[in-house]
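Both complexes shown next keep subunit A, but they swap its partner, so subunit B is in the first and subunit C is in the second.
Moving on, here comes the complex of A and B:
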């Protein structure tokens, strides 16, 4: 196994996962910076493309509180892309019940700054 | 371009029906450099199907609830397939939730599994 690639991908995931959900719950307007023009979000089967449209759709959500229960990462083929999958639960607004979710991301290094990643695809489902 | 949702659907149908019938038959889907994370444990190549075969149940039934497919690289053919569902093992009455994410890489007229991440979902 390419352990160097595994190390890089697990470090990226260790940084990305807490940052993403803390941004979602507390500084949601900043999420736009994590996506690019070609990024695709599939949220419970609905597709949205592009950083601006994705960030706009996330701004429509009520106040949220995500709890990450587990996450995994693997390097993807022939590139420095990283697959990150997350299981957790989320509470929206003043709902009593927390909903279980699963989310998968493909992260890619920004061409202009190595070590800095953006989201290529974001797939979210309630489970 | 082939309909990626149709490809994902037929892969998922094949994968879980084979898994539930005879896990050993999944071996051709994985290559020596394929990766699987199973409940946080890492496996590679032939170790993947060995792990699946060693799982401590006699019978399992997967019920797929959602399938999402996206190209994982717009310039090429790999597909990211995300599955959520429930599974029942042996005589259990209560299904467990699971989620599984695959990256499928085209080879000839077919695909193999490069990445596979499996988790049971607990949380209530």
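Moving on, here comes the complex of A and C:
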């Protein structure tokens, strides 16, 4: 295992995690840019495929406010994919209570542009 | 090596089980098969019980029955005749006798007459019959209230300004606008007139004496009671005439009252009185029964209208000396009782008149919106309500169907509309208090402007569902794996060594935020105080949110089986509730293959464990990436189908399973969701020679033993492989592609070859060409 990959992927997570939730909370229409045609979303047991469909389904969500409490990152050992796992909470709309959630992403390099990654799977669950 | 021996036996049992359908009683059994179909929810509930149309019929019948028992004429009878203890019994006897003599025909004709008469009008005619005397001044209440209003304003005529209806033309004159349903009184009843007096003289007298110009459209004698009905052009004029009550005409004091007799001929009135005379009152016992009888006598079920106006003038009230609205007792609960009686006796009530009851406050009616939520028309005409605050107890916003509202003749209205710009303020204020009204004081209101404004809803577009499994085989595999993994993790972590690939990575991160310490609001779940912190766990915490030094980030990632097992040896001991039955839902598992071209299974498990040393309960989320066991690897030598390549564990404060424990209940409460198609990119990405075959789309509904009509038996398939010179991996891809697309072996092979063995590209080519593929491509 190239230890540099651990560092690089960790810094990728440093960039990705705040960016993703900031976009979700404030620029949700732009989220499609983070996904690809093969991407799969598993949101609390509901599956959606493809950047357009995923972004569209996110647009139906109420106003959100995510707070990330911990995140971690590992390179997948059999490919150049990256696994990011997040624990946090979210408030929707005018809801008083925040919901605890867990989200795991697999990030993959875009075949057409080296070094540019997209979300290939996105698994979200209230916990 | 007892650990290894134990592991071996576990593995072999796991393997033997992994190719069988669902082993029983695992806490991880949350597979697709274990998800109860929402449609299975019993739909056996019959039609809702409760009060249907029969309720209304019953109310009508009760009211009619009560009218029979105690008509207004009875009250006349009671009042005029000397009242003795035997009165009621005698009357009842008389009625019984008469009833028994009644022929069917006479009863029918009576019913017809009752139906033909305008119920309200008829009664209004009747009511004054018994009010010849005015001992306590109740009779001239209308004038009293007018005078009171005048006193409160300290000057001028109480109704110095006309209601807007008459400034802007006839109420309801706008053809498209809402039309008033609460009839304003436009007629008065004049009594004590000498029958010898020429009608013209009286008309002239009234016209001269009224404070404002009046135009009498009709005046006629009534036989019963002996009085003159004077019809006027509008309610304002009626009021002007009404105020003349008490004036002397030909040496006699005239008694003038409102009436709504326009539709009622004297004949009908007399006829109804005849009918009423045939019945008699049952003796009333108790105040509540008296009130009940009073409400019944005032209710017109066919019109769903309750004329509870000028109630102290009611002969029954006077006779029984009832104080319905006891103004001397502000804490009186009578209003609450009345509202309850309204609901009990008039459940269909839509139109309620409380006019002329000297109401100074509506405290009495603070429960009206609960008792009569479907009220449409409400008149408070000619009461003593003097400020907007007096109206507040009515909870106008709760009366969602209220359409028409009358406040004419109340000091609040008369005062407000005489102010400069007061009329628009008055209208606006009332509309704010009673947002649903369309007609105020007989004047149609301009429709409110509305928007499709969305509140900051917290409603999520889709419901939370059980753990996602792309197929039964993935579910079964994940269940087997987790059962084996956690059994060893709790009892013999060293035994897990062979489960990790040589380059496997394990990290642990701690979410150490207490549940109750959110920035605002609280979390769901039960925050527990005095929970132990994670000190024993901190040395392993790779929470990148806090850990920023590059060298620490690298050293906190544990790579390879030796490092991982060594770390496991230092992490606090755990006890996962593995023996709990699945229905306890200690765990929620999601498992599906990675998106092509990656070849792995992604498993995420959420659940709980107990720290052995402290007995502290913790919650966790753990993601595993399982890859096919490489040939010759330790896992392969152990006959394991797969090995752990990545293991990312998050430990946090205990939240139990509230987030998913009642998912199925939610599902039952909602209509069943459309079946979810399996994302195409998840199909067939795991090498079937190593892992179990992922089932086709909609795996949950497909039997595990499904046959593929376009594929031959395995022996023939093997021949195809040799004929085409394919190695095992290619052969497996062809079969998988055939299963995903329905193409036969030859076409699947053709497609994959053309796309340089890219499963994804071949899949897209298939989708694009789908309409042009010859039918034989789907045949064996």
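As a convention for this text, the second predicted complex is superposed on the first by the 126 of 127 C-alpha atoms of A that agree within 3 Å, B and C clash if a C-alpha of one lies under 4 Å from a C-alpha of the other, contacts with A are read in each partner's own complex, and residues count from 1 in each chain.
Keep in mind that, in the parts below, a residue touches a chain if its C-beta (ideal position, glycine included) is under 8 Å from a C-beta of that chain, and two chains touch if they have at least 3 such contacts.
What you see is a predicted model, and the numbers here were worked out from it, not measured in a lab.
On the superposed subunit A, the positions of subunit B and subunit C overlap enough to count as a clash. Of the two partner chains placed around the shared chain by superposition, subunit B and subunit C are both touched by A:104. Judged by the touch definition given at the top, the superposed model places A:34 against neither subunit B nor subunit C.
With both complexes superposed, C is the one of subunit B and subunit C in contact with more subunit A residues.
When the two complexes are overlaid on their common chain A, residue A:49 makes contact with subunit C while staying clear of subunit B. Shared-chain residue A:93: touches subunit C; no touch with subunit B. Of the two partner chains placed around the shared chain by superposition, neither subunit B nor subunit C is touched by A:119. Of the two partner chains placed by superposition, subunit B and subunit C are both touched by A:70. Of the two partner chains placed by the overlay, neither subunit B nor subunit C lies in contact with A:12. Residue overlap on subunit A between the subunit B contacts of one complex and the subunit C contacts of the other covers 1, 6, 38, 40, 42, 45, 67, 69-70, 72, 74-77, 79, 81, 83, 85, 87-89, 98, 100, 102, 104, 106, 120-121, 123, 125, 127. Against subunit A, the residues of subunit B that register as touching in their complex are 35, 37, 40, 42, 44, 65-66, 68, 70, 72-74, 78, 80, 82, 84, 97, 99, 101, 103, 105, 114-115, 117, 119, 121-124. Within the complex, the subunit C residues that touch subunit A are 455-468, 501, 503-505, 507, 509-513, 515, 518-525, 542-546, 550, 553-554, 557, 559-560, 588, 590, 592, 594-596, 598-600, 602, 604, 606, 619, 621, 623, 625, 627, 645-646, 648, 650, 652, 655, 659-660, 663, 676, 678-682, 760. Those residues of subunit A that touch subunit B in the shared complex are 1, 6, 38, 40, 42, 45, 67, 69-70, 72, 74-77, 79, 81, 83, 85, 87-89, 98, 100, 102, 104, 106, 120-121, 123, 125, 127. Subunit A contributes residues 1, 3, 6-7, 10, 13-14, 38-40, 42-49, 57, 60-63, 67-79, 81, 83, 85, 87-89, 91-100, 102, 104, 106, 108, 120-121, 123, 125-127 to its touches with subunit C in the complex.
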